[in-house]
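Next, two complexes with chain A in common: one pairs it with chain B, the other with chain C.
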Partner chain A sequence: MPKRSPKSYPTPWLTVTYQPVSLFSLKRSDATSMAARSNLVPTPYAIKMALLKVLLESQGRQHQSDFTQWINSEFTWIRDLTIYIWPPEKLVVNRNGYKLRYYDQTADKADKTRPTIPMQGGFVFREWVYMQGNLQICCSAGNHLAELEELFAQINYFGKRGCFFQYLPEYQQTTPEPTFEPNPTTGFTVQPMDDLGEKTTFNRINPFSTEKAQLDKDRVIKPGFLPLQLMATSTRYDMYQRY
Partner chain B sequence: MTKVQFPVYSISISGLVSWQLHALNNEGNEGNQSLTRRYYIIQKDIHEPEYVNGISGDMLKHIQAEHLHRVALESGLSLSEGGKQFNPDRIGYDLEKNLSVFTDKDTDLAAKTGKVIQLCTISDLEGFMVTEKKGQTLKRDSVIEFGAVVGLPSSVKTQSYFHAKYGVDNPTPYNVQVSSGLYATVLNIEAFRIGYNPHNFGYSIDVAERKKRLDALLKSVLYTYLQPNGAKRNTHLPHPDHFEGVITVSSRRCPAPMISPLEREYNSQIHSLASTLNNLNGAATIHCFDFNNMAEFADQIETLIAHSLPWESENAEAIA
Partner chain C sequence: MFGSTQLARVEVQMIQQLYVTKKFGTYADTFLMLGLAQLVEYALKATNQKSAIQLVDEGIRYCLKLKQTVNLEAIASLKYTNPFPPVKGQKTDISKIPTETETFDTVQKNDERKLYRDYLFQQRGKVQFNEDAPKPPHPSTQNGAILTSMRHDRNHNELWYLGWQLKDNYGILLTSLIQAFSQGNYPSLDAETQKVAELFQQATSHKLPETASAVKIYLPTSVQGVNRTKADSNKVDSQKADWLSLWLIAGGLFNFGVAERVKIAERVYDWRVVVLEPQDIQLTKYREVLNKLRKFNPPSGGHGIARFDSELILRFCQELLNHHQAQANAEPDEFDIWQPINHFVSSFIGTHFGSKGQVYGVKEIFSLGLPSWIIPENSQELIDYQNVLTEHLLVITSLSAEEGHSELLAAYRDFITGTNLSHFFYFQVSYADYVVKRLADTKAKPPRLFSIKGLNLMVKNFQHRQKDQDWSLTEITEDPGFLRIAKAINSATVYAGKEEHGWDRIYGLAQRLSSQAGSKKDFIIELSTFLASYENENLRIDEELKKKGKFRRIWTTKDDLDRVIHLIDTFGSSLVANLLIAYGYAKGWGKAKDADKTDTTNESETEV
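Entry: the complex of A and B
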């Protein structure tokens, strides 16, 4: 494994804690929408998108006149955050069937004149993760500590909508060093973790923009090491426990 | 009596609901056996996952959308043609049929989204996604979201019953799984996003119209629990016999607290969180409305309809 040069991160670090409220589901980057295996925890990409959403909702109106300039500078510091995720004590990954509406390829090819893309209903595979215990997120806050605290307090879901997490204000910590870091010497489970690319821009990430996001440039997928051990598995579930 | 009114930024409901002898959500068949939806969850200090019956959040959302459709028609709220017919594509139906929705002036996303919000209550509240082939994708997130409804491990049971389908020929035997028990349910309403156009950070409809939509939404939530129109109601209509929990409302930019009733002390935790959030953000940020049965739940929804105003940022700044 190639050695990584020691990188210095801006202090302080912010650690926030969320209590899972309902089942969690977030499609892995390498899964299709028809058989969507779930990430075990929210990824840095999902967390940054959640931060971006509450930022735009809470402050966007005040920056309509200088929106482009404002969002580019805000996006830059959010993009550059380093995020570590500490999973809850136990997780059960449920395998469930699910009804979903999706692109109707047959109808689309049959009639080229349609003004919109046709949809059809069907049955798909989904995973739902039950979490026992609290989820922790550790962030390199740097100069944006106060703003970051405010943004995290406004988040109540990660990933798919309806996957609620309750922010727990009493557990918030500010420390000069991260409260936890991936430690491959202990046991771990590998999960692909997607994150924003180092040089990506808001327009690339914006789903309403005409610019397109490119894999490995704007959205980067790296192996994440989660301190989770697979304890039990069956046709219906996998159970993980934290080391 | 002076009516006390407060702005509503978001609303959460955390509750325990009891449904007996229902088959509201199923997950396919194995031979002649229909299978209920099931989830495995873990409780503290117990090392094996426990199997419980559950109902997906999508089923609840669909039930609520059905009720909203009826409330919107009865109240005369603005609907697209797709919305009037309860078409799953809502405004997308109008665009697909080339009905006149946009004018030549509606060229950018802000204008198009604004027009959709004005035209269709259901597209505003329930969300939509349309991919126009010659334009950009139009989409909107739902204002209301449901978590999966999950049975309490100690208080839920699934049984299998034999049935025969009688027709002209010989009867066809089959088995149906029917469940009873206490279920944890959570939902969230981002009331501030009613009528909100994210492309220009403003509201596309006035506050009176937003209030009407919020009231219709609250009614539909009440009806969702009064009459849960899930699967197999023809012969397995649920017996609802209990509903307890907390409705929380935030009047500033702060999510209304929500804790899963799978946690035994969810009620006191919610009140504790509300107290903490009030200390952090100012008194009267969070209001709690407790209910101990279905009738009290209906009372609290009525109270909310009577006293709530849709939140707008000017109001919030004035308060803070």
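Entry: the complex of A and C
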């Protein structure tokens, strides 16, 4: 992974800690909804989205008159954050097959006049991750330290809706250097790490805008290395332990 | 041809290792690596270079270690050869395939396999190589069958066809692959394949095919479904991937996959595909063990998923130990084989394709661990472990999902695929009561039991951590008090109930002991209750048995109970309870003479 020299990152670095309070799931970006293998930890993309969500929910209402200008300036610094993730001590990935009703594209195409969305039944694959220990996130705060602290404190879930995390204010740290960095030299686990593209705009990732988002431009997938070792595996679970 | 500037760079590179990053998180990673490994092996063999390749798992990536630096110049001029054959099923359209190319006829190969399996069934598994014996099937038969069954034969043949079109520059494709994969630490996940395309284009001014359909058999998470860069719609799209990755995966899957149709219900069959995950093993050994498994000793798919998985692990371990046996006989000083099984290979990674009527969907992406407790240390232990595996196979093959043993099989699978011996006890508790129930049914076939010898070998390498200290389980299993009480359990359950013995069988004891095992106090009360009733029964029948000159039961003493209570204090009640059940319901307690060895009383009467 190419690395920028630490000096080019805006300091200070903010490290925040969350306690997982429910199972975690976040579909890998290369998987589809039918066989959704999960990421082991939230990706920078998911974390930035969580930041954006709490930002919009808490402050969006005050910027109704100058929304575009305000969100663009806020989005830019959130987009440019460098984020490292330190996984909890132990992770157990539980594999599940579900009988689910989902969107029936063929029936929808065949009859456009239907008043309701056609659904079909079938099985899908999902994974749920149990985390033991706390999740830490370290990011380059720069001039936005106070805002970031406030936003992180409001986040209550990452990934799939309902994957709750409890913010732990007493573990918050501000340091001139990152408290941890990914290092692929010792046997790590690879996880594709989604991030926002360097030049993407708010409208490109906003589901309510018609602007298209492009893979590798607006959403970039890089190899991420997690300090986790697969300790045990069986048909129903994988157990990882942090180095 | 190979440009002079490129050659110069090649000489500087001195390639001796190739790296394959695990980017998919499914069996596709392993198949891609295996696809690459077999191409490299072919290239080295065809150019008379040392072709031994060691497959090493480094966590984030695989490393293919070569014996010596590759001579790329020789490889660059290699002619085309099929990395995998095109597949022809009953309805496959092969109009595009050139006539001189031999296709893999799945119908014919399947018939051969059926014939061989029928022969095996008739011979009850004992193969005699005489003239009448049918030829063993091609090891990849089921891999061809799954491609046609899932209607991926078209995709497979298309990948082959695009590869075949590069035949004029095949040598350059191989050198580009070797060069690109010799560099580690790429900045993006698909950079290796992009690099191959770049090198290939530089050297030939031709482009590699770009994308192909990412069908579920190659990339199981890429099933047609919702996958949007932005969450703006629930549109279901089919997925694409780069041709080169898919071509390598297709080669790996066809040559090294283990596929089997597994019976789920009456006339419902799913497909299960697994790949053996290498840890540190030579490609030739990997292939040999796998081929033996697929040809001669395949797991059966007719009795449910859990039995398939269990058989797969047991039969694979058998084949690996067989290979070690042969190696040990040939080279007695071979130290490399005296390692736990999961030193060489770590697990099976697989995908379960569920039948949805006409089509198949991805039902599960899973992995199966390998038993870490199989650690043969010498030739004798190799044989002993083989016996344990045979014993386990006999137990497992006596159970089947159709007869309502799904829970038992699932518990056994949790043990055999869970790498840890402690899961064995969860299975044994349920199995113990099944055994007694089965014994009570005079019409049923007697159940298979695990032997004490086998259990001793299994627990030998198991370390139990208690009070900051590692304890060997032999401290428990060799304790005379423990053995006498286990034997009492045995004679009150497994051995009892036959008319000639003259004492009654106790039912549900394993469940009762196990349910109280969580608490030291409750477990001791339950055990004492059992021993009290056992002694009462002994008092009642002993005189009569003595008079009639029949076998008499073992008498447990206060000292035995004290010893077991001491063991419970040291190791915890749960472990001791589990081991008591495991040993109590095992076979091999022996008749009179053997019994005397564990008998601390000086009674000369025969005890059982």
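Going forward, the second predicted complex is superposed on the first by the 225 of 243 C-alpha atoms of A that agree within 3 Å, B and C clash if a C-alpha of one lies under 4 Å from a C-alpha of the other, contacts with A are read in each partner's own complex, and residues count from 1 in each chain.
The rule is simple: a contact is a pair of C-beta atoms (placed from the backbone, for glycine too) under 8 Å apart; a residue touches a chain by one contact, two chains touch by 3 or more.
What you are looking at is a predicted structure, and each value in this text was computed from that prediction instead of being measured.
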Which of chain B and chain C A:207 touches, first, second, both or neither: both
Touched partner set for A:176, first chain B, second chain C, both or neither: neither
Which of chain B and chain C A:132 touches, first, second, both or neither: first
A:56 touches, of chain B and chain C: first, second, both or neither? first
Chain B versus chain C as contact partner of A:123, first or second or both or neither: both
Chain B versus chain C as contact partner of A:97, first or second or both or neither: both
Which superposed partner A:232 touches (first chain B, second chain C, both, neither): both
Partner chain in contact with A:184 - chain B first, chain C second, else both or neither: second
On chain A, the residue positions that both chain B and chain C contact, one per complex: 97, 123, 207, 232, 236
Footprint of chain A on chain B - complex, ascending: 10, 14, 27-28, 37-44, 47-49, 51, 56-58, 61, 88-89, 92, 95-96, 98, 109, 130-134, 136-137, 139, 141-142, 145-148, 150, 186, 188, 192, 198-202, 253-255, 257-260, 273, 276-277, 280, 313
Residue ranges of chain C in contact with chain A within the complex: 21-26, 58-61, 185-189, 216, 219-227, 229-232, 234-237, 239, 309, 347, 354, 356, 361-369, 413-414, 417-420
Contact footprint of chain C on chain A as seen in their complex: 1-2, 28-37, 95, 97, 103, 105, 122-125, 184, 186-192, 204-207, 212-215, 218-219, 221-223, 225, 229, 232-236, 238
Contacting residues of chain A [partner chain B, same complex]: 19-23, 56-58, 60-61, 64, 90-92, 94, 96-99, 101, 114-119, 121, 123, 128, 130, 132, 153-157, 161-164, 166-170, 207-208, 210, 231-232, 236-237, 239
